[in-house]
Every structure is written in C-alpha cells, then in structure tokens.
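To keep things simple, chains are lettered A, B and C as they appear, and every chain counts its residues starting from 1.
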Amino acid sequence: MTAPALLTGTDDGDLPARGSSRAWKKLKRNRSALFGFVLVAFFVAIAVLAPILPIADPAATSWSAIRKPPSELYWLGSDEIGRDLLSRMIWGARASLLAGVVSVLLAVAVGVPFGLLSGYFGGWTDQIISRITDALLATPFLILAIALAAFLGPSLTNAMIAIGLSATPIFIRLTRGQVLSVKTEDYVEGARAIGLSDIAIMWRYILPNVFAPVLVQATLTVATAIIAEASLSFLGLGQQPPDPSWGSMLNVAKNFMTQAPWMAWWPGAAIFLVVLGFNLLGDGLRDALDPRES
Amino acid sequence: MLTFIARRLLIAIPTLLLVSVFVFTLQKLLPGDPALVLAGEDRNPEVLAFIREKYRLNDPILYQYAYWLGGLVQGDLGVSLRTNQPVLQLILDKLPVTIQLAVMAMIIAMAIGIPAGILSAVKKGGPIDYIANFVALSGLSIPNFWLGIMLILLVSVELGWLPASGYTSPFQDPVRSFQTMIMPAFVLGTALAATLMRHTRSAMLGVLKADYVRTARAKGLGERIVILKHAFRNALLPIVTLGALLFGELLAGAVLTEQIFTIPGFGKLIVDAVFTRDYAVVQGVVLCTAAGFILMNLIADVLYFLLNPRMRATL
Amino acid sequence: MRQSLLAALLLSASALVALPAAAADLRIGLQEDPDVLDPDQSRTFVGRIVYASLCDKLVDITPELEIVPMLATAWSWSEDGKVLTMDLREGVVFHDGTPFDAQAVKANIERSKTLPESRRKSEVQSIESVEVTGPMQVAITVNEPDATLLAQLSDRAGMMISPSAASAAGADFGANPVCSGPFVFKERIQQDRIVLTRFADYWNADAIHFDSVTFLPIPDTTVRLANLRSGDLDMLERLAATDAASVKADSRLVYADAVSLGYQGITINIGNGERGDNPFGNDPRLRQAFELTLDRDAINQVVFEGVFAPGNQPFPPTSPWYDKEVPIPTRDIAKAKELMKEAGHETFELEVQVANNPVQTQLMQVVQSMATEAGFIVRLKSMEFASLLADQTAGNYQASQVGWSGRTDPDGNIHQFLTCNGGINDSKYCNPEVDALLDKARTSNDIAVRKESYDAALKILSQDLPIIYLYHQTWIWALDGKVEGFVPFPDGMIRLQDVKFKS
C-alpha cells in the first residue's frame, strides 16, 4: 500500500524457501497476528497440560455445590451436578480444539484439491465434482451426522469426521470459484502459452490465489466446528458424558440461562477467544504470504 | 446466457436425483425402526405389523426408493408417517415461513457484514478495523440460543416491545409478522454477518492492491469512487458465491433459532422428522431445500457472468 | 421516550376499554407438537391434553383417580364380571350435529378394535363384543373379567368421535376431528398452533367460559416461561422443575402441580438376547448393590430441586397401590460393596443407555457418580430416542434409562412390563410367581384382593429388580394470575370445565 510496495511489484520468481522465511519475519512483526498466536497457543497449552495442572477431577461431583456462582473454592463456579467448571473448561479445551482444528484440516485437505481440479479442468471433471458437491451441500448436516454415528459408533473422532465431511463442500465451492476467476488472468494464460505443465501452473499461480479465501473460511469454520461438536454430542455422537467439551457445556447451560448464567459465560467466552485468535492469526498469515505486502 | 441457464436447470435434475438417493440411503442406514416409534407406547404387535406393511418397510430398499420416485413423478410426495398429512402440504405451509426468515436474516447479514468488511479493509490496522473484527467475530461465536433467549428475556419480558415467539403470516398481519420475525432474523443475521464481513474484508484487501485500483488512484479519482466502483465491484465475486451458499443454507432451516422462537420452518420440521424416522417428510423437504440451494447457486453463477465479462469466453 | 410511553399508556387504556367486548381466548403453551388428532391413532401424551378440550369420554376420573360419569351416567358389572352395562347421557350431540347414542358407542369401540391404524388395540383387547341394549344403553362383554376396563374408557379408548364423520373420513379423521367435547376443532398449523372454538351445543356448556382455546407448541422450557411472563400465554404445561421456585416467587403467576402416574427408572436386560447373559442380568445381588448406591432423595434435590417424587415402585408413594412394606431403601455403600463381593466382584463395569436430552443425561451422570463409590464403573451411552428404543426392543443393551407415562389403573404400569409375555417386557424378566399374582390382580374387581396381589408381587420385584425405579415426575403448570379455577390432575391433563379469567 505504501510507495515502496508499488515499486517492488510482484516477484513471482521467489523460491519457496526464501518466501516462507520472509513471511515468517513479516508475521512476527505483525502485532495483531502475534496476539492471535498467543491466544491460540494459550488454549493449546492448557489443553495439552490438562493432566498435570493442579485442578480438580472434572468428573468429581459435589451435591452441596449445585450451580454455585464463582467463588474462592470454585473459581468459575460449579455446574448442574456440582462439578468444578474451571477444570471442566480446561479438559473441555482438548475436545473442542480437536473438534475445531482436526475437522477443518480434514475439510481443507479434501476440499481444496477437488475444488482445484473442478475449477481448473472444467468439463466433465467439473460437472461430476460440482454435482456431488451440490448434492452434499444440499444434504442436511444432521442426517449425515446421525448416519455416521450409526456406521462408526459414537466417539469424538467420529464427530470430527462428520463435521469435517460436512464442511468439505464449501471449500470445494470456494476454491473452484476462485480458480475460475483467476484462470483467465493474463499471467495464467501466459504460463500456459510458454508450456508449463498443469500441475506447475496450479501450484505456482492458482494455489496462491486460492489461499486467502480458504484461510479466511478455515479460521471461521473452526468456530462453527466447535459449535457443531455441541450439537453432535447432543445427538450422542460427540464427547460422551461425563467427559466435557465446550460445546456440550454450552448445551447444558442453555437450560440454566436464568438460574446459572455463568455456566454459559465461560464456554462462550472461550470459544470467542479461540475464534478471535484463529482469525487474527489467519489474517497475519494471509498478509505475510501475500507477496505484494511488505 | 439463456442457453446457459437452461443447461444448468437441466443439470439440476441429476443433482436432485443424487441428493434423493443419498438421503434415502442415509436414512435407511439410521438405526431405529420407524414402526417402533410410530406404534405408540405399548407397541402392539398387530399395529407394528400393520405399519410395516402400510409403509412398505419390509420391502427391499431399492423397491422403497422406486415407490417414492414413482410417486414423485406423479407429483405425489407421500404422507407424513407422524401426522398423516400430505408432505406437499407440509412443505407449502412452511416454505413461506422459511423464505421470509431467510430473506430477513440475509438482509440483516448484508447490511452489517458488507459495509463492515469494506470499512475494515480500507482502514486496515486502525481502530475501526479492530472494532469491526471484534464485533463480527462475537456475532459468529455467540451461540444463537444464548442471544435468542437473552433477546426474548430483555425485549419481550422486560420491555414488552415485541412478542416473545410464534409466527404470524405477513398476509394476515404484516406488522405483527415483522415483529415476530425481527428477533430471530437478527440472531441468524448477526452470525452470518461475521462470515460475510470477513470475506468482504479479505476480498477488498486483495483488490485494493490490484493494478487497476492503483491506476484509478493514480488518475486522481476520489477515494470513495475508487473503493466502491472499482475495488468493491471486483471484490464482489467471492462474496456472491458465499452469499448464495449462506442463503441456501438458510433455506434448509435453522433448527435452534426456529426452536427458540417457535417458528414453524423447515429446520424444526426436518429434525423432528429425522428423529421420528418420518422418511417421506425427510425425503420431501430435503428435495425442496436442495432445489432451493441449486437455484441459489445458479443465481450466483449468473451474477458471476455479469460481474466478470472475461469469464464468458470460458463457458 | 416520553412520547412513546404516553402512546403505550393510551394503547393499554384503549385495550382495557375494549376488553369486555373481546372474545375470551385461552392460550396454552405445550411442550411438543401433538401427533395425529384421532383418538384411535394418537400416541403422544401431549395429544391427550388437546383431547381434554376436544373429545369427551365415556367416563372421567377425579384427581383422586376415582371413576366418575361423563358421557356414561351409570354402569354396573354382571355377577360373573364379564358384562359391563352402561347407561348413556341424554341430549348429547357431536360437533357435526350427529346425536350421541348407544349405536355411536358401539361404532366407536369397534373402530378402536378394528381400524388397522388403531393404537388402542391393547387397551380394548379384553372386549369381545358391544351390544346395543337400548337407545341409550350398551352392554360390553369381555372375554375374562377385566378390572382395568373402566380406567381404559376414561382415556383415549373411551373418547367418543362422531360415527358419521369417522366413517366418512376413515383413517384421515385426524385432519378434521369431530367429537362431542366442549370445543370444536377449527384449525391446525403443524408446529405452530391448534385452535379450538367453543361448542355452543355442549351438554355441559355452563361450565365452559372461553370462546376459544389456542394450543401453542413451544418446546424450549425457558422460552415457554418467557411467553407466559410477557403475556403471550395464559398458561403452560410441564414447567421445568428448576423454574418452579421462580414461578412460585412471582406474584403475577400461579403455580400448580400433581405427582404423575408414570415413572422413570433403569430397565435391566435380564433375558433379552445374548446381552442379557451377563453378571448384571444374571445375578440379582449386583442389581441390589447398584440400587443401594443410590440416594434417591439427593437425586431429586440435585436434578429436580426436590419437586419430583422419589420412588422405588411402579406407583408413586402417594398412590393407594404403593406397598408401604417396601420403602425406598436408604443409601448404604458398605452393604453394596458386601453384596458385590458376595457376587464375586470388586468392581463392575456397566453400560447404561440414556436418551440424549439434557435432563435425563444429568440424571444419569448423578447416578453414575453415586454408583462409582461402591465400585460400579458406569459407562453412559447417550442415544437419540429412536435408536435407543430399537436397541432396547432388540435386546442390544445391558441397562437402559427409560420411563413410562403412566396409566390410571395400576395394571397399566406393571403387567405388560414384567409378565413373561408382556407386550413391552424389554427386560424379558420372567417369573411365573409374579405372572400369577399380576394376572390375579388384573381379573379381580375386589380392591382388597388386587392390593394384596400387587403387594406380594412388589416384594418379589424389589429383590429381583428387573427395573430399578428412580422417581415419579411431577406435572407442573404455571398460569397467569388472571386464570382461576384450574385443578391439577395426576394424569397431567388440562380440564377447562370451570376454568375462567377473573372478571
């Protein structure tokens, strides 16, 4: 945006290694991205360290502490059967981060290649992939999820698969749309004219353009995936009681909105912070990987 | 252009068939016997046998699908196992409700998301950018049920401004219809606004650095014109795709929001139907929402054409 | 701000003036959307709430569960207990003008027995024939003495629908039900509302004080209560137990409750397929040990704020059929451990399936936590109801948390679950001694004989424990302060006779 950027222009000839090390430097200089990184890292650390942190057993109940507001004994309060919300939040971070991140990675890993193929080659490949994508997109998430539960048996892993699969078509569509708009650009036509292979063109010229919207969508989907895990544990497909996840904690809190509002505060706030973290980090990555930005 | 649309409409038929096969198979994979759910608490064996016979639950799956398809060709979507009502009637009852909610939610989402995205991109890194991001992401991560219940408790119970829940047709009483729909539409809209805002921001950041925007700036055009006429027009492409997708999703219904505001739309209908194994209803409604979805995609593609002239050559 | 306040005041003032002229519409919030509105095909509890305003029955019950006249004014059993003669009320018409008479009763009972879609078949199974013995008298012959028949006729099996409308509509009767109750069916929008309007020719019209009733299904309990508080509802059913205290404290609302006829418990697979063949199904000592880990009062306090009724039998402790000699056992971990040791287990791993609604899940997590202390490692399998039901019927379970909505006659809560050939005996518990006692209780019209048989059976069952009963739900209604005359019934119904708005 500044004058030097104008002068530098686009340098497509950069080697990947040099580009990424420069991107890393840019990322470190970006304060909001750093903040996002710290947020995400904090929750990941909590999730990883849960077993060794000095906290109460997340399943230990106390009949004398039913839905107690935050206090010295229960820092975040206690839940509907007298369990410590702090330790449930910490243990719940594991299930929720896994559900959020793994399912999105799955969706991206499957969705982007198919979107590339579909958009780049067009014709029958595009027709088949697009029709299947349309059919998948049009199928309600819930039907897919219950059917998977029947197939695989209820567990957190299967919940991640179900969420990932249902988020896949949107990445296919997004990638395909982006490819369609880029492949008519002059530099792609040029690359084709000089005889570069399809794979090389996709890798060097198309994929970088797909990256930004996919990254944005991915950081947003992490949020919906964490919330989707809630509906799945509600259907008996996700985390099984009494093991906690933020989503299932929210589900329970829904019934105590007036009696014990704090039960919804913590998982809600945690999801917000994680989502904020992933989005800021995503923004930073996006800028850092954009060669036009200094 | 017209041949393109006609071709796409033709292609929609196999897609819809694919959806119906897909949903039918998935439903048959579900555990649980619809006859058990429908026979009543005491599960009389005679009644069980009758239900299995009447709804052909003992027939091979392929036959069952063929019966359904046969009915469909004659315009018969079957009857609800749960209430004996014709599925077509159910869909016609709920379609206007669902569309009304989807349109209102989409308007709210666009009204918030797109301007916020543009502003945030233009003022990137400044306080406005941070505030816009913060608000949009809260909209995304605040659970719909929480916002919904809070709104009901505040606006309806405390202040008494709006009815707490329920639905009124706009043809019966347009004012009340708007009043009952505005809170659920807001709840849905704010969640979508975040997605729209983030994508608008991203797309705008992309085009603001493009050559033609620089050229426009260099020509000394006013900043407002550069942003709205040159930059935003080009940033619209991914936003249109996404908008169509989001709208298509809205058409399939929003279960939790519908449940909290007690709006008789597709979301609640389809979830209840899945839970009671009401096959005919699930098949019929999914077919309908899928058709709506495909239509939205077609509209998105047509807009693509109009916005990006260079693409016409490729199709 | 001030202007809008003024406008609001003016509006409410005009509303007050307009009130006496306005039609009295009672708006009732329901927890679910009812299923098909045909008394012979209906299968949900919530549907029966609508019928209470729509369809009169041959007999009704009092809150104390005594059978009282409704469309039948008097009845008597023959000496051998095989013929029930009923005299019918004169001057009753159905909503379509068809007169109510003996022929109509015959047609109705035959429809319940023979309509292929009928869900009433088990309830009227004992009826062999219905004879018209006078224009206003019928004689119902049963194949063996049936003490439960009158109670069956006080519910859906005894609801009288217009025979002409029924024969015209066939199985589609539910789209436009025609009965003889205080209100006429007007319209229904699925998952939105059911509207009934006052029936001018109702035989007991003086007791009815509303021009119309609107039933609104609002599944979310918090939202249902918010609607009552904002004035969008006049009353609601099944208030969450956790909201009871706040309703009681609200001077603008009225609270009413009644312990239900049903129960919630844990059904144990004893002989239903291979999965019944495990130590928990085979050794009653393990089940006894499990029961001893439970503190039912604490469960009630933790999950239901003490509003429900703890119980250990198919009937609530308030019922005359409750066996006081088998009281709720007090929690005894030491004894539970001892029993487990006797059965040869230090710890025991048990899988319990539970419906995936938040309250049942909360309940089972409390049970899980209690049982842990004696060495039971309970794994909860939270399932969607249709899958749970299928697994339970097929015997693909070890233990299952389920309940029963309850019947007026005690037989309905026990016979079909615990006799060897019982229609819904998912435990496949089979004890000839219990069978004999329950059969005896079913066929005798002598209350003392019945009570004695049930007591004897309950003593055996409390040792065998094919079902570990946990609690009895309490029906809770919340009403706007302006509604008066509502009487809570243990069947959970809303009877609108003599209910009105305060003037």
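By our rule, contacts are C-beta pairs under 8 Å (C-beta built on N, C-alpha and C of every residue); 3 or more make two chains touch, one makes a residue touch a chain.
Since we're looking at a predicted model, the values are computed, not measured.
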Could you tell me which chain lies farthest from chain C when each chain's centre is the average position of its Cα atoms? A
Looking at A-C and A-B, which pair shares more C-beta contacts? A-B
Note: chain C sits from chain B at a C-alpha centroid distance in Å of 38
Rounded Å distance, chain A centre to chain C centre (Cα mean): 46
Can you compute the centre-to-centre distance for chain A and chain B, using the mean CA position of each chain? Integer Å is fine. 21
For chain C, residue numbers touching 2 or more other chains are 222, 384, 387
Enumerate the residues of chain A that touch no fewer than two other chains. 146, 150, 254, 257-258
Multi-chain contact residues (two or more partners), chain B: 30-31, 149, 153
Going by the contact rule at the top, pick out the chain B residues touching chain C in the complex. 30-34, 36-47, 50, 54, 82-85, 90, 93-94, 149, 152-153, 156-157, 160, 163-167, 259-262, 264, 268-269, 272, 275-277
Chain A partner, complex, touching residues on chain B are 11, 14-15, 18-19, 22-23, 26-27, 29-31, 125, 130, 133-134, 137-138, 140-143, 145-146, 149-150, 153, 194-195, 198-199, 202-203, 205-206, 208-209, 214, 237-238, 241-242, 245, 248, 252, 255, 270-271, 274, 282, 286, 289-290, 293-294, 297, 304, 308, 310-311, 313-314
Under the stated contact criterion, what part of chain A meets chain B in this complex? 1, 5-6, 32, 122, 127, 131-132, 134-140, 142-144, 146-147, 150-151, 170, 173-174, 177-178, 180-181, 183-184, 212-213, 216-217, 219-220, 223-224, 227, 230, 250, 254, 257-258, 264, 268, 271-272, 275-276, 279-280, 286, 290, 292-293
Could you list, by residue number, the parts of chain C that touch chain A in their complex? 221-222, 240, 242-243, 246, 298, 301-303, 356, 358-359, 361-362, 364-366, 368-369, 379-384, 387
Can you check the complex and tell me which residues of chain A touch chain C? 59, 61, 63, 66, 80-82, 146, 150, 154, 233-236, 240-242, 251-252, 254-259
